[in-house]
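Two complexes are shown next, each including chain A; its partner changes from chain B in the first to chain C in the second.
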Partner chain A sequence: MSNKTLTLALMDPPYESANSTTAFRLIAAALQKGINVNVFAYEGAVALPLRTQVPHPNPIKGTTAEEQHHPITSAFISALFEAAAASGAKLDWVNCGMCVDERGATEWVDGVRRGGPGDFAKFARESTNTVVIGTR
Partner chain B sequence: MAKYLSIVERAYHGTLEEQDDTILWISHMVKKAGPDVTVLLRANAVNYAVAGQDASGLTFGKAALSVPPTLDRDVEELIKAGVAVCVVREDLADRGIESGELVGGVTPIGRREVAGLFDQHDQVWHW
Partner chain C sequence: MTNYLFIECRDPFESKDTQFVAETATALKQRDNEVTVFLVQNGVLAARRNARGSHLSQLAKAGVRLLADDFSLRERGIQAAELLPGIQQSNIDALTDILVRENTKAIWH
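Take a look at the complex of A and B:
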């Protein structure tokens, strides 16, 4: 396992841009290499791990949710935690608490914890580097 | 002491709802947590440093935004907290903003100096 740690700061909510997908790919690649990953989810990104997300059907195609395999970001995040466990790397995902409160986005998949900017500062200090993926 | 450069480019995005700019806010919070932080305002965000902004008066029916954002004062508070605030000089000029219109303590720098500013920091956060 690597002794490197990568921090990502994310801002985008789910289903609004490809930034979240890019971030998940970076996280997965890092974990696969045994690199520890910290995520600071800020503003809309706190909705990424919401456990209340449900797949929906596609009425245009006439497909059910099951047939459509509609993706939900919380399932991706659970898979990232599983990937971390498998590789022996650590994934630490912090949802900004004030961002959570103003959105009522309080129910998350296992592994996600509440924190704040102080956690982000600590993450940055203890990481090999930090990747900021802000809202554009 | 770690030094971080926080670059703000996108301006007035959700500032009414948030009553501030989220990146100025988190930069201030990170500074309070210990590290040295510099904020670079570029593109439309250079306007955050213009003194005398007034975003008051917004109402939707009977609902009023009674505490509007005060970005210029937030910049001043950042500086008071020990955060160096720089603005890109050419971005000011492109928008017809004179340096005399800025709040005190803001440092205009040229585009050619931005790379050097990067070198002075351990991490660069381009939000």
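Take a look at the complex of A and C:
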């Protein structure tokens, strides 16, 4: 396992921006290399790990939710925690508490914890590098 | 010397502020820093050889290393052979390696 740590700050809500996809790819690549990853989810990004997300069918095409197999961000995040466990790297995902309360977005997949901007400052101080992925 | 990494996700034909990256990356390179621009998402649209007015030629001439994410290229149907001279096809693994290199400052744009 690497002694390096990467911190990402995310702000985009689910299903809005390709930024989320790229962030997930980056987190997965880092974890697979044994690099520890911290995530500070801010604003709409706190909804990324919502466990109440469900895939939907496509009534126009007449396909079921299973046939559509739509990706949901909370499933991606659970998979990232599994990847961390497999590689021995640590994934620390902090959802901004104030952003969570504003949105009522309180039910997360396992592994996600509540925090605040102070966690992000600590992450940045202790990381090899930090990337802030802002919304436009 | 510092390593600078710009992760450019914006399409220059939609966002003229991509010029910010071109100017800043060039200025940093002129000051003897190691500068990489990693194109991702719609940022790769400027990498096509036949893209008119792309700012990337200016960066290549300045000695800035230009990398384009293979996943983003594939999503947009851009083949490696269509890339402007000076742009290398790369991937998310390479981006991760650059990010954890010592003395590297990363800017997402």
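To be clear about the criterion, the second predicted complex is superposed on the first by the 136 of 136 C-alpha atoms of A that agree within 3 Å, B and C clash if a C-alpha of one lies under 4 Å from a C-alpha of the other, contacts with A are read in each partner's own complex, and residues count from 1 in each chain.
Quick note on the criterion: contacts are C-beta pairs under 8 Å (C-beta built on N, C-alpha and C of every residue); 3 or more make two chains touch, one makes a residue touch a chain.
Keep in mind that this is a model prediction, so the values were computed, not measured.
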{"item": "Side-by-side fit of chain B and chain C on chain A, or clash", "value": "fit"}
{"item": "Chain B versus chain C as contact partner of A:33, first or second or both or neither", "value": "second"}
{"item": "First (chain B), second (chain C), both or neither touched by A:11", "value": "first"}
{"item": "First (chain B), second (chain C), both or neither touched by A:19", "value": "second"}
{"item": "Chain B versus chain C as contact partner of A:120, first or second or both or neither", "value": "first"}
{"item": "First, second, both or neither for A:134, with chain B first and chain C second", "value": "both"}
{"item": "Contacts of A:43 with chain B and chain C, given as first, second, both or neither", "value": "first"}
{"item": "CA minimum distance (chain B, chain C), superposed complexes, angstrom", "value": "6"}
{"item": "On chain A, positions contacted by chain B and by chain C", "value": "129-130, 132, 134"}
{"item": "Residues of chain A defined as touching chain B within the complex", "value": "9, 11, 42-43, 116-118, 120-122, 124-125, 129-130, 132, 134-136"}
{"item": "List of chain B residues in touch with chain A within their complex", "value": "2, 4, 10, 13-14, 22-23, 26, 29-30, 32-35, 123, 125-127"}
{"item": "Of all residues in chain A, those that touch chain C in their complex", "value": "2, 4, 6, 18-19, 22, 25-26, 29-30, 33, 35, 128-134"}
{"item": "Chain C to chain A touching residues, read off their complex", "value": "7, 9, 40-42, 69, 71, 92-93, 95-97, 99-100, 102, 104, 106, 108"}
